[in-house]
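In the two complexes below, subunit A is the common chain; its partner is subunit B in one and subunit C in the other.
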Partner chain A sequence: MEAITTDFDLYLKGFGLTVGLFVASGIASLVFGALLAAARVGPISVLAKASAAYVTLFRNTPLLMIFIFIAIAMPRIGFTFNFVEEIRVGDWNISGFFFRACLALTLYTSAFVCEAFRSGINAVPIGQAEAARALGLTFGQNMTNIVMPQALRAVVPPLTSVQIALAKNTSVAAAFGIAEATATMRLLGNRYGDQTVEIFFFIAVGYIIIVEIVALGSYALERRWKAAAR
Partner chain B sequence: MSASVLFDTPGPKARRRHRIFTIVSLLLLVGFLVLVVMRLNDRGQLEYALWEPFLTPAYLEVILEALLKTLQMAFGAILLAIVFGVVFGIAKLSDHRIVRAPAWLVVEFFRAVPVLLLMTFFWLAFSIGGGPLSPFWCVVIALTLYNGSVLAEVLRAGINAVPPGQAEAAYAIGMRKSQVIWLIQLPQAVKIMLPALISQCVVALKDTSLGFYITAPGLTAVMRPIYLEFQNQVPTAIVIASIYIIVNLLLTGLATYLQHKLVGEKKQLDVPMVGGVDSGRAV
Partner chain C sequence: MTALEKEPTTPAQGEPLVVLSDVQKWYGDLHVLKDINLTVHRGEVVVVIGPSGSGKSTLCRTINRLETIGEGSIQLDGKPLPEEGKALANLRAEVGMVFQSFNLFAHKTILENVTLGPIKVRGVKKADADAKAQELLDRVGVGHQAAKYPAQLSGGQQQRVAIARALAMEPKVMLFDEPTSALDPEMISEVLDVMVTLAKGGMTMVVVTHEMGFARTAADRVVFMADGQIVEENTPEEFFTNPQSPRAQDFLGKILKH
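Coming up: the complex of A and B.
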């Protein structure tokens, strides 16, 4: 118990980094994943194929291998991404480790985000768009009034699953020099060898809280958007 | 391109525009690939010496052995996870809250906690400093608990996906609860669940790579000595990643085949996400 109480600042710092990684790569993966999905369902078959290839490649590679590419292989060909350390906001700056971890998490998660968006668009019955066209709605009206509202509603559950997986996947950054929650457990476990179970329990509770917040947020959205669905 | 929700069949003008976009994007993609290859070449990453270990029988043997260890960990974990999943999946469907609630708690806990955290915990608690478990078993146990919990949820969803008339008919001809589950619902649910089960094999296989953090054997563990000896980080990463991708694609292919064969084009199994408040049971 005292392992957590005496080193509570380490615990908080660890989860601060976990949340930071989650939020940064969560937003980046939503943006990149949406671009991939747009290419995937768009009319240009070259882009659709390239996006499909990206998804297949990154979904079947373990996240740890992507981390190895970014953190160990890329520096060999001159990409360390350490230039981000030059960027300063006040007296706060991003470390190269943090940026590389976000990059790896984003590249990996985007593939899943793309699939979630695509399944959302596929969930809209084709008759909806056909009826809208038959009524004379323009492409823009069709998208904003008919297709997107329905697709967005269908995309919330799979997207939430992907983001929850991302929150848990931030733990992989522990193996690449980031003192986030899992690395903190290893550190505290080495320091207080007799209290591993308590330390594990407290770190696990931290992750569960993050997961619950995301899940409850998604339920709230789902309930709000349920409206006239079914 | 056949009918799409998003756009009409393109006319002559749109087709011309699409052709221009196609050419531009093709050029961009090819340009990107050429840049990558040029960069690799500039930094001497395409030299034969760096790739030689992957053509040397002795090293290939080491890599194959590592692949075998990885597969052992993945399939060992999946087999144990199936047992775990059946026990907890059925417990979650129980009529008695006293059985249902602990099963729900266990399943939710292991689904919400990162696998790497579980692995590190077992490693710290039972392996490091002469504990009874080898890192190999730490990986297997952590993967069993996580994948088992997911499979428990898959099983529950699978049983719930069996039309309720089946269970009602079974009750009507006088079967007991356990008979209904084992003889009527489970055999039909297995068919629906099989693709999801194989996708879970892919997840387990990918997660064995996390053994890297706790010095467990496997493909990712064998990388470090190779790239430290030859300084060939890029070729090593490419080769090992390719092995993972090939094995996973084979498994995915199997899952798709089974999906077509057993379930047809029907919608895939809908497994609720973690963190759900609902612990509902079958009809």
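Coming up: the complex of A and C.
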């Protein structure tokens, strides 16, 4: 117990970073994944093929490899992304490490988000897009006003699973010097060698809380949209 | 083929609005539209009838390029149909379309369904679009349902909303692709009534339908299609009482028997 109580600030800091990684790459992957999905179903065949190639590449590569590539290989060939450390908000700023971790998580998760969105787009009856086209909406307007909002309703459950996987995948960042929750577990484990079980338990509870919040949010969304339409 | 050369007895009201010339379309090896030549004049109501698979829906859908064509040309108001992009979207805004399966936007209210086009495509202010939409919905008899979602309405009501949605764009021509084929019998007349009113009001219409009663009362001209071709064109009176081609005689014999 005392491992957690005396070093509770470490515990909080660790989960603060985990949540930071999760929220930043979560939002980025949703946006980028939606764009990939739109490109995939869109009328421009070069974009559709590029999107398909992207999904093949990043969905089929282990996350750890993507991390190694972004965090170790990219800085060696001159892409450190350290310029993000110049961006300051008050006394807070992003570390190059944190940014690279988010980049790796986003690139990886976007491939799954894209496929979840694509299944949702396919679930929207073709007549919906046809009616919108017949009114004179452009492809972009059709996507943002008609197809995506309906696809989104259909993909809340699979998209939630993808985001939950992302929340837990942030732990890979521990191997790259980011003191998030899993790294904190290791640190506390070293410091209090006799309390590993308790430490493990409290870290696990932290993850469960994060995932449960995401899941409850998703159920609430589902209920609200079910009440609104049909 | 004397029927093809014959001038309609009620002369067309205005200049040509939709002109299809030598249109051909293939699905793979299947030749679905063959040598289609059709001119729809301003203010004219053309009803397209024919057996299933004769290409009448495909014909209707080529006019706003929901279906592309293989050869030939289609002109709307003197201009050829654009291939893609913004120009095509602008053209579609000028052509109203009513589908067999209504295709109301399921996640939007009835009012939003009608205001979406004017707001997004025409840039009309929301308040103005709302007022216009409410007026149109009142006109087709579903004004009191404006706040509901499509799934809460009957098929007949949904189709009348779909007509209001198309009218909100103030189209030059309205296309109806079997508008009553998905409806229960008792709902067909409420939709046909709206269409008859529209026709009497001078709207240019191309109507693909199996409703012979509508063809008789509202059509200026009946176009009979079979196997991807226009077999016969005539006034409804002439066509129904005195069909020229054996194919049309056979078709009418089958459907008018009961």
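We take it that the second predicted complex is superposed on the first by the 203 of 230 C-alpha atoms of A that agree within 3 Å, B and C clash if a C-alpha of one lies under 4 Å from a C-alpha of the other, contacts with A are read in each partner's own complex, and residues count from 1 in each chain.
The rule we apply is simple: a residue touches a chain if its C-beta (ideal position, glycine included) is under 8 Å from a C-beta of that chain, and two chains touch if they have at least 3 such contacts.
Fair warning: this is a prediction, and the values are worked out from it, not measured in the lab.
Within the superposed three-chain model, A:M65 lies in touch with subunit B and out of touch with subunit C [touch as defined at top].
After overlaying the two complexes on the shared chain, residue contacts for A:T160 are found with subunit B alone; subunit C is out of touch. When both complexes are overlaid on chain A, the residue A:Q128 reaches subunit B and subunit C alike. When the two complexes are overlaid on their common chain A, residue A:P43 makes contact with subunit B and with subunit C alike.
Applying the stated contact rule after C-alpha superposition, one finds that A:N82 touches neither subunit B nor subunit C. When the two structures are aligned on the shared chain, A:G136 is found in touch with subunit C, with no touch to subunit B. Number of subunit A residues touched is higher for B, counting subunit B against subunit C. With both structures placed on the common chain, the touch criterion links A:T6 to neither subunit B nor subunit C. Legend: residue contacts after superposition of the two complexes on their common chain; A:N145 is shown touching subunit C, with no touch to subunit B.
Counting contacts by the rule stated earlier, residues 43, 125, 128, 130, 133 of subunit A appear in both its interface with subunit B and its interface with subunit C. Touching subunit B in their complex are the following residues of subunit A: 41-47, 50, 56-57, 60-65, 68-69, 72-73, 75-78, 121-122, 124-126, 128-130, 133, 139, 143, 147, 157, 160-161, 164, 168-172, 174-175, 181-182, 185-186, 189-190, 193, 196-197, 200, 203-204, 207-208, 211-212, 214-216, 218-219.
The part of subunit A that touches subunit C in the complex is made up of residues 43, 125, 127-128, 130-138, 141, 145-146, 149-150, 153, 228-230. Touching subunit A in their complex are the following residues of subunit C: 64, 66, 84-86, 89-97, 99, 101, 103-107, 116-117, 120-121, 149, 151, 162, 165-166, 169.
By the touch criterion stated above, subunit B contacts subunit A in their complex at residues 1, 3-8, 10, 14, 18, 21-22, 25-26, 29, 39-40, 42-43, 45, 109, 112-117, 120-121, 124-125, 129, 202, 206-210, 212-213, 220, 223, 227, 231, 233-234, 236-238, 240-241, 244-245, 248-249, 252, 273-277.
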